[in-house]
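Each of the next two complexes has chain A plus one more chain, namely chain B in the first and chain C in the second.
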Partner chain A sequence: MLKQYKTSGNGVDFDLIFHDALTIINGESGVGKTVLFKALENDSILGNLDAICLNYDDITSGIIDITLKSAQNKIIIIDNADIILTDEQRFRISTDQDNQYIIFAHSIQGMHPSEKSIAELLVKNNKGKLNYVLL
Partner chain B sequence: MLEVYLKDIKHQRFNDVYFNKHMTHIDFDNDDIKKIIQAIDNVKYIGNYRVLSKFEKDTAISVREISTGCKTALNIASFPNEVFSVAECGDNALQVIFNYKRGKILMPMFSIPRLFTNEIKVFTSNEEYIINNHKQLEDILNKVF
Partner chain C sequence: MIHIWHEDSTNSATTQFWNFLKNSNIHNILINADIRGFNSNKNLSDYISTYTFDNNDIYHVFIDKVSDNQKALKYYVDIKRNVSVYKNVIVHNLLCFEYLILRFKYFVEWTKPTKDNQLYNSCEIIRKQFIASIDNKEAWIKKNDIVDFIVRRYNIDTSKNNWQRELQFVSSENIATVLLNTMTNGGTIDFGVSKTRLGVCWQCNCCIKYNVSVIGNKKCRIYKYNKQTLDKAKNLWNNTYAKNISKYLDK
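Up next, the complex of A and B:
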């Protein structure tokens, strides 16, 4: 499991800690959630991070469902989760023992997160980190 | 009056895509629009569909780079006859939206803006309410969710 990761994008340096195989990242609008997602996605494309990154661009291709049904031992990062995940997909994520999920969402409905899963993204002085509000 | 739908209704779900497609129809030179961008994303609109980045000093970026919550708020303000989902809005964006005097939103989740004083109309599956504070909204949401 990925427990710590550092990345940067658009002038922000992120130092991320993960406590659980499921991390749901929320936060105020404009704090930089999509900046972080794009930084992780770019790292994935460049080969620095072995992860599958999904967002609303992937809806029409069907790749979201295929990934959730077939991925094994992967890190799956999902942006726009509030609008792209179905109830069935949320359930699948909540019961998946094989993969690690990093999900950007305001709603935790259907995913049954633990207290180690819910994190708020905070960015101050261009430094971003995850604040686990229930820990 | 802002209309809040808690029941399923035809609506725009993909606010990013809708914004990017229709942004040339948004009046970015309007002071209220500029205030929304400043209030939610804390960035300044500088003209020509550009804002000043809050992360990179003296750098102008496309208005397409503002947050989804901010785009949602601008969609609601600029296209008041469409219903927009606020599922992707943070509390700060919801706070701004709930002080609108017009617009239509679908609220698919339990979230209560801290402070609003305008009258808003709330539609559930079988009732309509006119309310003007968060406590009344909380009571309705408790029944629905």
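Up next, the complex of A and C:
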């Protein structure tokens, strides 16, 4: 499991700590969640991060379903999960023991997170970190 | 003075539990404690958001810490934020009142039916797994036995498409409530705990004679322990989460 990851985007340095195979990242609008997702996506494309990044553009292609059904030992990063995930996909994520998920969402509905899963993104002085509100 | 504020109702099992401990005089800290139920997490959150805390008092806030219930989570986080500047306001780290009871060290010894009870025994297996998952901060949804229990309890038809949708609305607090209800309300035993009832066997002298009731014709199953009210209060205080409030000494 990826426990720590550092990346940067738009002048912000992110230092991310993960405590669980499922991390749901929330945060106020404008705090930098999209910037962080983009940074992770870029790292994935460049091969710096072995992850599959999914977002709104992937809804129609069916790639989300295929990924969730077939991925093994992967890091799967999903932006705008409130909109793009179906109930079945949420359930699959919540019960998946094979992959790690980093999910950007406002709602936890259907994903049954533990206390270690719920994080909010905080950015201060161009430093970004995850704050686990229940830990 | 200490305040014990919780989200359950004014006549809830939670209020009865704290009042029982207070009235049993088992700890100085509870003397004159202000025990108050606010009838909902929203009411408690709203009240706290505008309340001026007295620096001379200690406030114990019990609001359900449910990581898998969006609404409950919101109120918990709101309260935590609102009181973060106060050192004398403690927001407790407890799933819910039902979990406090389920986690009681002698829960099984006190509540187990004398005759072999298959339902109770199967729930006991789930109770252990559930406690482990909560204590280890793990998601219960990954425990197949717990999922099977919930599927059976809510009669969810897993052959239907999208049956998982029905599980969406089951939170860890729901599981604690269902387990406690199932394990304490069966048969004639009067350890029943519901939202508004803390069974008399939790709070009264045990029957002195076999099958003699503490209040009429109910059979008390822990007659063999012959525990008196004060013993029970001490046991509940020393072996549940309740004792944690004594870590924060009254001023």
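Methods note: the second predicted complex is superposed on the first by the 135 of 135 C-alpha atoms of A that agree within 3 Å, B and C clash if a C-alpha of one lies under 4 Å from a C-alpha of the other, contacts with A are read in each partner's own complex, and residues count from 1 in each chain.
By our rule, contacts are C-beta pairs under 8 Å (C-beta built on N, C-alpha and C of every residue); 3 or more make two chains touch, one makes a residue touch a chain.
This is a predicted model, so every value here is computed, not measured.
Look at chain A after the overlay: chain B and chain C fit there side by side.
When both complexes are overlaid on chain A, the residue A:112 reaches chain C alone and has no touch with chain B. When both complexes are overlaid on chain A, the residue A:130 reaches neither chain B nor chain C.
Look at A:51: by the touch rule set out above, it reaches neither chain B nor chain C.
When both complexes are overlaid on chain A, the residue A:82 reaches chain B alone and has no touch with chain C. When both complexes are overlaid on chain A, the residue A:16 reaches neither chain B nor chain C. Within the superposed three-chain model, A:29 lies in touch with chain B and out of touch with chain C [touch as defined at top]. Looking at the shared chain after the overlay, A:64 reaches neither chain B nor chain C. Of the two partner chains placed by superposition, only chain C is touched by A:97; chain B is not. Here chain B and chain C sit at a least CA-CA distance of 6 Å once the structures share a frame through chain A. Shared contact residues on chain A (touching chain B in one structure, chain C in the other): 107, 109.
Taken in their complex, chain A has these residues touching chain C: 20, 22, 87-88, 90-91, 94-95, 97, 107-118, 133-135. Only residues 10-12, 26-35, 56, 80, 82-83, 106-107, 109, 123, 126 of chain A touch chain B when the two sit together in their complex. On chain C, the positions that touch chain A within their shared complex are 65, 67-68, 70, 73, 76-77, 80, 133, 137-142, 147, 162, 164-165, 167-168.
Chain contact summary for the complex, chain B toward chain A: residues 13-14, 16-17, 40-43, 53-57, 59, 66-70, 85, 87-93, 108-109, 111.
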